[in-house]
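The same chain A turns up in both complexes below, where it pairs with chain B and then with chain C.
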Partner chain A sequence: MSVIDDLASEFARLPGIGRKTAYRLTHHLLKVAPEEACRLARAIDAMAERVRRCSICHNLSESDPCEYCSNPARDRTTICVVEEASDIRAIDSSGGFRGLYHVLGGCLSPLDGIGPDELNVESLQSRLDENVREVIVATNPSVEGEATAAYLHKILDPRGIRVTRLARGLPVGGDLEYADGVTIAQALAGRRVI
Partner chain B sequence: MFLQRLSLQNFRNFRDEKVEFPEQGAALVGDNGQGKTNLLEAVYYLEIFRSFRGARDEQLIRFGDGHFRVAGVLEGAGGAERVEVAAGYSRDGRCKKVTLDGHEPARVAEGIGRVGAIVFTASDVEIVAGGPGARRRFLDIILSLVEPGYLSALQRYRQILAQRNGLLRNGASLPELAAWNTGLVETGSEICRARARWVAERQASFARYCQRISGGQPTDLKYSPSVPAPSESQGHSAAGGDEWRQAFREEIGRQSERERRRGVTLVGPHRDDLNFRLGDDSDAVGLRSFGSAGQQRTAAVALRMVEAESLRAARGWRPIIMLDDVFAELDPPRAERVVGLLGAEEWGQVLVTSPKPSEFGAMGDSLPKYRVVNGRVRRL
Partner chain C sequence: MSVIDDLASEFARLPGIGRKTAYRLTHHLLKVAPEEACRLARAIDAMAERVRRCSICHNLSESDPCEYCSNPARDRTTICVVEEASDIRAIDSSGGFRGLYHVLGGCLSPLDGIGPDELNVESLQSRLDENVREVIVATNPSVEGEATAAYLHKILDPRGIRVTRLARGLPVGGDLEYADGVTIAQALAGRRVI
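Coming up: the complex of A and B.
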């Protein structure tokens, strides 16, 4: 196997990339300046070398504790629980949340053999000192995400911590006409007085 | 709305066939195995995007081909409205594609119920005489078509049920089980409430149809939920979502020990049933065990009539009625009364099939006849 095939088969192992796209990417890198290809290689190398799990919140970061856990400006009374580290970026870039995060590493799914022991639930519980007043559960609105939220509520509520869930409803700036029926029905169920 | 044009590509034994139907309907004649039922199956596929015979999409593809496509043009009275509903399935991608006037809806579920059709088949008797699964399937199909939110609740319920059963099989901790109970109760009580209300609303007309077909015997339709029905004294329909949720939660609490021992979910709409009872209240007997074949068939036809009535009420137009060789199953007086009933009511287009032209009776005489031979349809 040539080095070209080698690289292409590495690309093909990535999610969402098939054989054809893998070869297109490979040939693109052969066409551009060699420095550019090396820059990509270095970026991947550095990432693999330096990115670690944060020992507090399980976020992916270069530092341990991560930039959120070590930032003194963040609100330490609120923890937002997410399924994956990639969810943090989405929530944080909204600017609507200034507290801390906790990555579960998935959601409950008995059919896939995923129970509380497979998720970072215990480390969440150990983080809950007297400072923490609220846990916001930001798992996905799937059946499994909802069950995970219900589970967290079940185990955290007796400890006197306020457990909240992200609201569901219409996307901002979207056209009502194009929203799907399920979303509209949930938005109606969760309507509020103006 | 009526079906004005139907085109079939590689569907069952049809290779590439286009048929046009008049507003009143058609009587399809042909020997066994020529494609009469397949044609009705294709029309109903455009209603629920599944086979009414319970076949998988893959099995609907013509032997040796890789995909099928069905398209129907529906027209309102006087050509006022026109909509094209199309559906296809390809074996390679295992993907189903549904379009409404050429546009793909965000979910397949959003496209269902555009045709407005009901099929009466000889195997409908299984709903009355067979296991409870067939009766739940009947309820699920009609309620998915007429009750907003029912289908999505049902899909979520099934997913939660599978996960919860997985948990019970492997020995569940109580807090973990409780986490799944929340969703089970939430979606399950939606389903129970919709089923209870539908049966309560349709009971009277079911009894009336039975009486008119059989010419006598009162027959009663009753919802028999696995969750003890709340506020029994006021009738099921009075119970709202909160009452059902409460009842469901309590029953899960009562059964939780047994569930953990047996390793399976024992309460919920997946264990519901419908009861058909024959005779007066004091000495009523179950139609399923004690009814004659004729009485069971009568109830099955009446159930479809009620389904059509419900669909008409929800859609606001007359549904297309499809009768797949049902007359052969009924004795002549009953068959006459069914024809009379269909003639008297405000139904839409009628598509009827039979191997014997003589069996259409009075109905067949008024409908244009089509012959189905080996996957080809020809107007006579």
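Coming up: the complex of A and C.
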């Protein structure tokens, strides 16, 4: 196998990249200057070498504690629980949250053999000192995400911590006509006084 | 900027990869073992270091002459002219051609300042010894591709070389109902006796 096929098959291992796209990316890198192609290689090396899990919130970061846990400006009374570190970026760039995060590392899925012990639940509980007043469960709006939220509510509620869930409803810019029935039902149930 | 953002912005420079996909790929590499992430980096390095242009046909290859030019089993009487090295793979994997290739490096496009001198036309002419009987012009079926084919016909025909063009018509598995008018017109003009 040539180095061209090698690189294409490495690209094809990435999610959402098929065989044809892999060859298109490879030929793009063949066309640009070698230094530019190598910049991608250097960026991968730097990431693989320097990115670690934060020992507090399990976020992926170059520093430990991560930039959120070590930032004194963040609101330490609220922890937002997410499934994956990649969810933090989506929430933080929304500008709607200035508290701390906690990465579960997935969500409860008995069929896949993922129970509470496989997730970062214990470290979440150890973080809940007297300062923390609210835990926002921002798992995905899927069956597993809901089950995880229900589980967290069950174990955190007795400790006097307010456990909340992200609102379900119509996405902004969405079209009522094309919304699915479950979403509309949730939007109706969660309706607010104007 | 963190190494995560760095890598995402390098991914986003690739064609067809937007900002969100770039972060998805980055987080995929963060999730797999570092050795696996580095395999992609090593593949890029190997490619940037070892792939060169073939001095005969301008194909991208690890060897010079490339695997096609140096293969004694290939038919040396026919040369297939393509725009880019990536087109060779598509044609060769079709199994319909066993001759040699020649990479033009683009096609004629006066608006972009690309004339015959910017393409590998001279080296094509120097390859046309007494053995070569046919040149198949496999440029894309676009206006520029057609103009390039017409130009090659103009300069090669006086030398007694048969210049052919890939057939235009309905793609196999395509649907007549959804074919555009120009394609149907070409399919009619190129109709064949059964």
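In this section, the second predicted complex is superposed on the first by the 194 of 194 C-alpha atoms of A that agree within 3 Å, B and C clash if a C-alpha of one lies under 4 Å from a C-alpha of the other, contacts with A are read in each partner's own complex, and residues count from 1 in each chain.
To be clear about the criterion, a residue touches a chain if its C-beta (ideal position, glycine included) is under 8 Å from a C-beta of that chain, and two chains touch if they have at least 3 such contacts.
Remember, predicted model here, so these are calculated numbers, not experimental data.
> After superposition on the shared chain, which partner residues are touched by A:Y151: those of chain B (first), chain C (second), both, or neither?
The answer is first: A:Y151 touches chain B but not chain C.
> May I ask you to decide whether A:L170 touches chain B, chain C, both, or neither, giving the answer as first, second, both or neither?
neither
> Quick one: is A:E62 in contact with chain B, with chain C, with both, or with neither? Answer first, second, both or neither.
A:E62: touches chain C, not chain B.
> Look at A:L7 in the shared chain and tell me whether it touches chain B only, chain C only, both, or neither; answer first, second, both or neither.
The second partner, chain C, only.
> Which partner chains sit in contact with A:L40 here, chain B, chain C, both or neither? Use first/second/both/neither.
Second partner only.
> Per the overlay, which chain contacts more chain A residues, chain B or chain C?
C
> Taking the superposition on A as described, I'd like to know which of chain B and chain C A:I91 touches: first, second, both or neither.
The answer is neither, since A:I91 touches no partner chain.
> Which stretch or stretches of chain C touch chain A in the complex?
The contact residues of chain C facing chain A are 2-4, 6-7, 10-11, 13-17, 21, 23-30, 34, 36-51, 60-62, 67, 84-86, 89.
> Spell out the residues on chain A that touch chain B in their complex, using ranges where they run on.
That would be residues 108-111, 115-116, 143-144, 146-148, 150-151, 154-155, 180-182, 185 of chain A.
> Applying the document's contact rule, which stretches of chain B touch chain A when the two form their complex?
106-107, 110, 148-149, 152, 156, 159-160, 162-164, 166-167, 170, 172-173, 175-176, 178-183
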